[in-house]
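Both complexes below contain subunit A, partnered by subunit B and then by subunit C.
Let's look at the complex of A and B:
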């Protein structure tokens, strides 16, 4: 039987995985791409998941069931030996879909093992050898750099744009262009132009004095608009520029993983967090603490900590974050989301938090003139 | 002169090490206690869980922490009143290559450091075989690092470590039974616990009590479930008593195609054949403390040798949410006739409701065992119930 490949929806990873399968020359009729999830997807997933499981599991199960109903029978999902429940997703979803009566093959990818990951992808390709697979994958991690950069640029320009909607229009053009380029050299060339394009096309308010807020938390929720209820846009509309501190680079950045001289971004955060959480406690718990400390040193105004209900690593992080706040004076707003989070309460809390941050900044400045904000000072990578 | 004596006595006082009576303590108590005692330290335990412990713990932690962690914080607060020199909270991640504990165990020591005032120095060694690839030498390092805090004699440290290892092994052996004893128990030839209270001529019910060791052995947290079952005339086997080899075999079957139902002893298959039947290399339940939960449930669901399964879980425990689902799906898959009940406990569970549920469960099991004991009125009213039972 011919296999029809699908994969769970996971923020921008959906775009990347789509591109990987294209590069591996899998015929288009054999790929079932997950559609953008909505409330129905989440309801479908929660119906068939264990009650206490974390929300990302429920959403990815829902999006998978939708894909299977559209004809997919080979699922790529996270598996292997992890620290928290994230690596249980594949094995457990196999059991559940089996119970629902679908005949599906699961390939569970362990992202701790880059070579195994490559072999799994090679097995679905158009008879590629290892070298060809590596070349196809190379385009992906290079594109991921550009995706990350565009994401940060959007959240920077949208907070200060004069004409509303300008940034989104530019971003859409860039995404379209990015996924139509196939040569690595050209992607790299285009990558360097992206900040220029934004600078030329989006008019920003020069007088603006926006707050700078970092977003920390569990990676799936931070990257998935349905679960974080469009947190970035809400913050931007309140006149705040923001940036997330987690990235898919953690999984896709093979050259940094293999190169002993490059320090990956999350390792920097983890080192910062050592005095508070000494050892890796699963998920993004340590990174959340480390990013709070790092961004305070860079002079940011506040943090939003967002995690799904019953996430174990983020709970550990949240337990120490009040003392981090006391020690370094960085305000952190904790937000817990699950499938029943209401929008209004969410919005009210954000507005109150931002008002308080503004008062705090006024007191700290004490009449000093504001620093000029530009993309170069905002971007700390 | 007198003052000198007192100060001399004080300096000779044994150093006091505190263990919170919660979470990992229940798994490793024999090892830890004998190690620190052999080093010449005095072991101080927090008092058994009570209402004050619970209330203090609940106030101290975040709302969506699991019940057992809340109790842990209560125990630590209890210990702080007992004048201890050190508190022992290991950062335990894993002890086998492909298995991990709960991720919360790793951060417990750090959380304590930043949430409690007047905390004595924490002894919190980090040990992780699966992620950091720690091995024998890491263990040696940990042993000596701890040992030199109490004694200057390296031989004494080595003796303490060996003694702790031996004691741990014997304790594990004493707790778990072998497969022969399990068979005997299933055939009602022996009792594993104190004799249950039953009327003459009646046979005790056999129920498997499944849960984490730190729930089942904590009589306050589990609302005295063992004593309650004993009074209801039920003989229990707990998941920690199960033979280890049997549990590992069940977990191996879990990651095989069709749950490996065609193989009764998959570990005896030739390696090549075994690999053929495994689903994939990344399909494995890696939570170490869930093995006894899933393994026990699987064993009794397919053997039909006991009357029922009672699963006791603490509210919002992460790993249990996975193992619960495995157990449920397995029961569905093999269409098991053994009834299974899952009771979740948290800080607000009332004892009366719990008692009622246990009574109802044991009554239903009794009715199922012999249709004759069903009250006649029930027989008359609903014939359909009897059909499904017979």
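Let's look at the complex of A and C:
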């Protein structure tokens, strides 16, 4: 039977999955693109999930069922042997879809096992040999850099734009362009231009004195707008510039994995977290703590910590974060999301948090003038 | 993030405000001498999940009149009722120079009363508390759906936390149990004080608490003991959930609707003394107007704004608010996969606002 492949909706990095399948030359007609999830997707997922499972599982299951109904019979997603419940997403979803009467193949790639990952990518591809797969992976990681960069740029420029909606328009053009180029050299060349394009096309308020807020937490919730209730846009609308500290580069950044002189981004965070959490505690727990410390050192104003109800790694992080806050003076706002759509409490907390950060910053500055804010000083990659 | 939404992109959400530069400077500086004009009065309206509070202050930040009523899930009606009650006290010709709205229904309230400032309740509360007593180090606030802690150092808020997942450890937890025991919530506190022997009751979840209570009732424990046990459970939940890891020191300002409950006040006091967080009983201060602090806070914010910019004319709709027919309607937008729930507010026949859309397509 011909396989019709689908992939998870993953916030802005949905495009990465799309890029992976494109580079592996899976024919267009054999790809089932997931539609933007909504409340009904979540309800559909919850209906067929164990009650105690975390929200990302429910949402991805809902999205899968929608795609299966549209003809997909092969799910390509991330998973594997990680040390949180994400590792049982694939197997559990396979059993559930089986019970529902579908025959679906699951391919779960895992960054802990680079060789298995290569094999999995090869099995998804259009009869590639290992060399072709490697070449495709090269294009993928290069595009991953550009996607991450664009996302960070959006959350920087949107917080200060004068004409509302300008940043989103520019971003859309960039995403479209990124998908139309296939040569690694050209992608790399375009990558260098991306910050310039934003600078030229988006008019920002030169007088703006935005707060800098980092977003830490469970990767799926940090990235998927339905689950984080449009957190980035909310912050941007409140005149704050923000960035997330998670990325799927963990999976794709092969050069950093192989090069002994380059430290992968998440390893930097983990090292910072070591005085508080010594060992890898699954998911992004350790990274959340590490990023808080790193961003304080870089002079950021605060953090928003967001995770799905009952997420074990982030709960571990949450339990040490108050002592981190005490030691280094970095306020962290914890937000737990589940199936609720009540946004008032969410908005109230954000507004109050920002009010508090503004007062705190003014007090710390003690009359000193504001620093000039620019993309170069904001970006720490 | 570009969602595949074909709606025209406009400003994402409707008017939201945080502190402006001037307000920050003000809160970080010593008290600025304000020009005293005794004939100006400012109204603050705080519509929360459980209660609706209105407060009028004069230009010395003194409370002139206040009204505290229950929201009962009908915010617009309760605002109208509140305004009616105020009108009866101060008279129809009373001049209001500025109006502020706060509380979880602040957006709607802002529209109905015509607010000059719409601000979140946490900021409003800390402002009101600091105005009442500038020495305080901690604000503990337990309201209907929210409970929060604000840590103040040198007169500035430095950290805060709020309840995260559910309404355990808040007023509605007590409300639920009072309902179950068929005791008016007002008598709850006094009953707790009569007991000398608290019964252990689970504080994490109302459902667990309820089964505990049923069990303890059937064993034959007295009502007073169970109520005291409940009060202690709520305080325990608050301190371990909201107050977790926070440096709680005195003087502490205890406010919000639950501060009215003497049983909870007592339990909080004993618990904090036991944990060595405070030394004396007087370290917990319940402000005189604990129930309308949010309204006072937002009235102060309006006053600051208007005193600075005397040219601003208030948007206050007027004392005829109770006579205006306000309506709200909800529908789902089918324009894109987001399926936003849109709320439409009508004043008479006229649509005065819509919100709820992610893309801003429906904003008026």
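By our rule, the second predicted complex is superposed on the first by the 374 of 381 C-alpha atoms of A that agree within 3 Å, B and C clash if a C-alpha of one lies under 4 Å from a C-alpha of the other, contacts with A are read in each partner's own complex, and residues count from 1 in each chain.
Here is the rule we go by: a contact is a pair of C-beta atoms (placed from the backbone, for glycine too) under 8 Å apart; a residue touches a chain by one contact, two chains touch by 3 or more.
All figures in this text were calculated on a predicted structure; none of them were measured in a lab.
After overlaying the two complexes on the shared chain, residue contacts for A:39 are found with subunit C alone; subunit B is out of touch. In the overlay built on the shared chain, the residue A:96 is in contact with subunit B alone; subunit C does not reach it. Of the two partner chains, subunit C is the only one touched by A:331; subunit B is not. Within the superposed three-chain model, A:344 lies in touch with subunit C and out of touch with subunit B [touch as defined at top].
Contacts of A:83 after superposition: subunit B is touched, whereas subunit C is not reached. Of the two partner chains, subunit B is the only one that A:283 touches; subunit C does not reach it. Residue contacts after overlaying the shared chain place A:180 against neither subunit B nor subunit C. Looking at the shared chain after the overlay, A:129 reaches neither subunit B nor subunit C.
Once the two complexes are laid over each other on the shared chain, residue contacts for A:359 go to subunit C alone; subunit B is not touched.
Applying the stated touch rule to the two superposed structures, the overlap between the subunit B and subunit C interfaces on subunit A comprises residues 309, 323, 336.
Within the complex, the subunit C residues that touch subunit A are 1-5, 9-13, 16-19, 21, 24-25, 27-28, 104-105, 119-123, 145-146, 156-162, 164-165, 244-247, 336-339, 341, 358.
Touching subunit B in their complex are the following residues of subunit A: 49-54, 79-85, 87-88, 90-92, 94-96, 98-99, 106-110, 116, 276-283, 285, 309-310, 312-313, 315-320, 323, 336. Against subunit A, the residues of subunit B that register as touching in their complex are 61-62, 64-65, 91, 93, 98-100, 102-104, 106-107, 109-111, 114-115, 124, 126, 128, 130-131, 255, 279-287, 316-322, 324-326, 329, 332-333. Subunit A meets subunit C in the complex at residues 11-12, 35-40, 151, 154, 164-165, 168-169, 171-172, 175, 209, 225, 230, 232-234, 236-239, 309, 321-323, 325-326, 331, 334-336, 338, 341, 344-345, 347-349, 351-356, 358-360, 362-363.
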